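Letters A, B, C and D mark the chains in the order given here, with residues in each chain numbered from 1 onward.
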């Protein structure tokens, strides 16, 4: 990487380094996979990464906003589950139309997020705790609605789920991927080109200063959690498309995966520095690790965990070394 | 490793997407599948989903990419498989379900189901109870240790049991709490039950591990498990059979994880295009003290 | 008094206990049975001991602005290794000591690993420890062969479910670690240095602190605490469950630390607060069982209780509450201005 | 503002303070460290609520919910500590919240240009797309001022805007302030530099210990009277400072304590050589960004040098970390007390003993009694207020925080004390005290490297002046008959020593 950039005579900005490093590592992993396993090199494997992780991507984008302000949102997994259960309940039990259910789910997600944001802003409860409460609350709601998974056979959902968008050759993506990419682009735009987005960064840089600079920090904080709640709800809906089911056990531990993706993507957990694009790459890293293991297909359960951890380690350490050396 | 692909050579390639390794039962299940694949000469592509349906789906997708001959998997949950199974169908790869069923109305998505029926297991436990306490007068106080809230075995074993005992009002579940399928939680919850419930006649545990934990709580409270409090549980792991042989548990309903050999037979048949029955139940029994003693020496897990 | 850092956590704990007393008067009954104390309160102490231990370790990690997600995995590894050794060796005090030594030794190594990633490579703690969290459970399963290892060794079981002078040995061990940690931290300069590193890492570096070494130390200590907790958990149920032992305990531990008044942003910490926090969480769990809250409602119940506890502790909330109460009573400010001056 | 009262737990910061500000005037708010100036400003702009009293703006009673609302009402403020976002670019820090937009989309190009313009007004020319954290504290301060000037304001509040600026920048700033006064703005100005205040203010209000002492027209009061009102007693000005130190000849005979040869760092300072004798005060002079801080950091080991070597007591050593510097009894008191100096949530006592404790290691704790003793001694010596060793440093006034930082390094009894802007934000009483201390310590054999934006101060204290320009040591002059103009000239165009 170092030599590559030097040849071009292009010095990447310090803050872009983690992203470039991650990208290079991803390409390396892909090349390695394609050389080692048949069928890995087919483009569909890359597209499947997006198809399989579309919902996670949306959730992680919301999480990126929160982490950029220096906060954290532990409730995302539960809100995802709640969204799938509420969709199931409304469509299967109460016979609602898909669109009405979708609207309600998104509103619920946003409201839950706003509630947590309000706890954080008005009562100065630490984000970790406030969203942990949200996590318990949303999961609890799931169980009260149903302890059993709904199988969703709503025709609209089925069509949305099974529509494949061909990309030429044998390649295709799903509608979820399109939704996820739209969310990513919107987030990139909001963070880079709107006053709100820059306020998000400034809060992460120094919340006290941001307040003294006269920025609307309170409103922004609440908004950030609202966005995360909304994204989780949307992620939940994509999961409904993915699995056609509403299961109260969905998304257990998802918050950690999302946080990990964001942080692997180069965002600093204390806030103020990072990019949505990094988050996309973070998801890809986690996805490709899993794909490599699946293609290998010889690992038993515990070796799967160990190798996942080891690959994570390799990725993170290489990323770290690359960014450090070029400094 | 790697580099081998499905269709090549004579060996049949089987892609198996396991739920995870969440319990000893599951590990025995995995082991049985891996070993019998070896003996049957089937090339096994194995993946562990770490209890996540998403992971299972993506594993199945990758099997489709790798063009394996047959796909088998133990569904994490019953619903949500239509999309990916349609992809498999389009790719002409037959699918076998193991251990748990799925609830898709489209039965053409999979060739067959091989596994157990959790509701039936709950029912068996209930039937044992009604036999055991059939002659008892007065109320029979039951405490129940549920599995992980929301999971299919917990839901079904609870339901099957409740259906049977509902027939007689003298059976009363006085306390029911989740023990999350673990010994530690089983013990912790039982400790609390023993304090909040003045009289407990029977403990029904959704799996053996919770029953084993509860036994320790009962002993610590100065009571005799199997006598003061009768215990019935599901699964049939070695430790539970030992406890059963010792009289600490009264009845165990088996849920057999060793379906590897049966599965490999099916895989070969399906790969050869033979017809197979749509549903195959694994061979399962129930254990009492005598049969536990007899079965113990050969118990592998 | 209300200014003391532990005041509100203790109030929250007492309030929860009071709620229990009202809901179920038998909750507090304690009797002597088989030569040891028996009752819900004893259970809280005994079952809460592992969480207390981990919360103590986690407090120090959090004080340096870190976080340790791998404690659950360390619990599983430590328990599995100890039980594996004991299952393979004839029982006795000697085997138990070896097993404990092995398990704690391995925990130490795991702590060194975490410390290396964080302090030496400079990887963000949450990710650095995530690696071990993921891989560690696999290692535990590798050790145990994926099966629950059941053991039968009285000396080992004593760690988790024994009694000393009618009191559960687990809580005594936790108490000992607590006293030791408190002494170590407050009698030496460790506490101050850790708080400085957590409060302002760059300033601490420029003040000549060896922050890498300190960071290393806290991760090792945390892993050791988790290792002991792992022994306790496995000893309590006479078996090692690599899959479930310590699952999600990191969340509970972090919650305990934060409820105990330590900020996740590092700096000032309170080990005593973490212990209170852990007891609070365990009390909550026992309450759920004792009151017979249905499993579907546990999460909602927890959400409500934790919310109440946090609001109670939140100065901002109390301020707002007071203002609301004060407003109708005294609408006019005490010293009204006599004359209005025109400015600007 | 009338009858303002503000109480913090344990501290009555403002007690019945009134204050008037008219359009088209510059009004100075004067007082010692901890008098309540910053608090008054924060109350005015809604950062703190008041316990009692009223604020009237243009005839209507107002009460702002926060700086945002105050800004909307036309009050633009530069708070005392640099309150900007280090992770954002300079341009953004200038424009944040008021970015030029089209259809809600931030126009980055115009924004950069606007920031450049605003900074140019203050004669600052930096790369506005650089991250703020890469800029020196002085540049940051100027950025904060530029930000405040950007608002379409009726009232401009400047809380110690000049504390780390050198003469040139100050002159530029005062020029801008005067022109804004012409435009009819009401300007509130806080500074500990009496001459600046007299140069620009029309009127002044004096606070002492949170109480209003009085309001005076600049024309009616002399500097000495003002200082007397501020501190409540006569101040003996220390004119005889220079005589108390060792003479130049003595110092030259003293052994060399530290010697740097071709020490340099890419992007920091170019390789330089420097000898510091025991008991010698070496002053560093240079313009903003000339590399004084960088040089100091290399000598301490805060940054790692790329080239050259350091010898301490004649032995070559490798100062890789601050810890190594500390072990060689070198102390470095950073110019940036907020981010590089203090741990705000710890107490005064804990901050004071931190470096000493670090050098002893964790296993040899200072006893509590010893800590109290040390803290008590320096609280008294430097007049830290409130005189409570258990107060949180974050709650102290800016000047008092600076004193705490100084105390931390003094107690390590270093052999080389590097002071980077030690008098930043310190009132005159304390400033003379610190200068006296430096002279005294050097007389006792301690070497001091003294950096200050105030050339006078440097000249008064130093035996030798090292001049930097464009991150390069351009001259080393014995301070014998050296005048400020001489040094200025060297700083500006450079010369061979």
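By definition in this document, contacts are C-beta pairs under 8 Å (C-beta built on N, C-alpha and C of every residue); 3 or more make two chains touch, one makes a residue touch a chain.
The structure presented is a predicted model; accordingly, all values stated were derived computationally and were not measured.
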Between A-C and A-D, the pair with more C-beta contacts: A-C
I'd like to verify one number: the distance from the centre of chain A to the centre of chain D, where each centre is the average of its C-alpha atoms, in whole angstrom. 44
How many angstrom between the C-alpha centroids of chain C and chain A? 29
Counting in whole Å, what is the centre-to-centre distance of chain B and chain D, each centre being its mean C-alpha position? 70
Note: chain B sits from chain A at a C-alpha centroid distance in Å of 33
Which residues belonging to chain A are in contact with no fewer than two other chains? 143, 147, 301-302, 304-305
Going by residue number, chain B touches two or more other chains at 21, 27, 30, 149
What's the complete list of touching chain pairs for this entry? A-B, A-C, A-D, B-C, C-D
So in the complex, the part of chain C that touches chain A is made up of which residues? 65, 69, 121-124, 126-128, 130-142, 146, 251, 254-255, 258-259, 263-265, 295-303, 306-307, 310-311, 314-317, 320
Of all residues in chain C, those that touch chain B in their complex: 24, 26, 29, 33-34, 38-40, 43, 47, 141, 145-148, 150, 161, 233, 236-239, 241, 243-245, 285-286, 288-292, 294-296, 298
Applying the document's contact rule, which stretches of chain A touch chain B when the two form their complex? 36-40, 42, 44-45, 48, 51-52, 55-56, 142-143, 147-153, 158, 161-162, 239, 242-245, 247-250, 252-253, 287, 290-291, 293-302, 304-305
Contact footprint of chain A on chain B as seen in their complex: 1-5, 15, 18, 20-21, 27, 30, 34, 44-48, 50-55, 57-59, 61-63, 65-67, 77-83, 86, 103-105, 148-152, 155
Touching residues of chain D toward chain A in the complex: what are they? 47, 66-68, 70-71, 77, 79, 83-88, 92, 96-97, 99, 101, 104-106, 131, 147
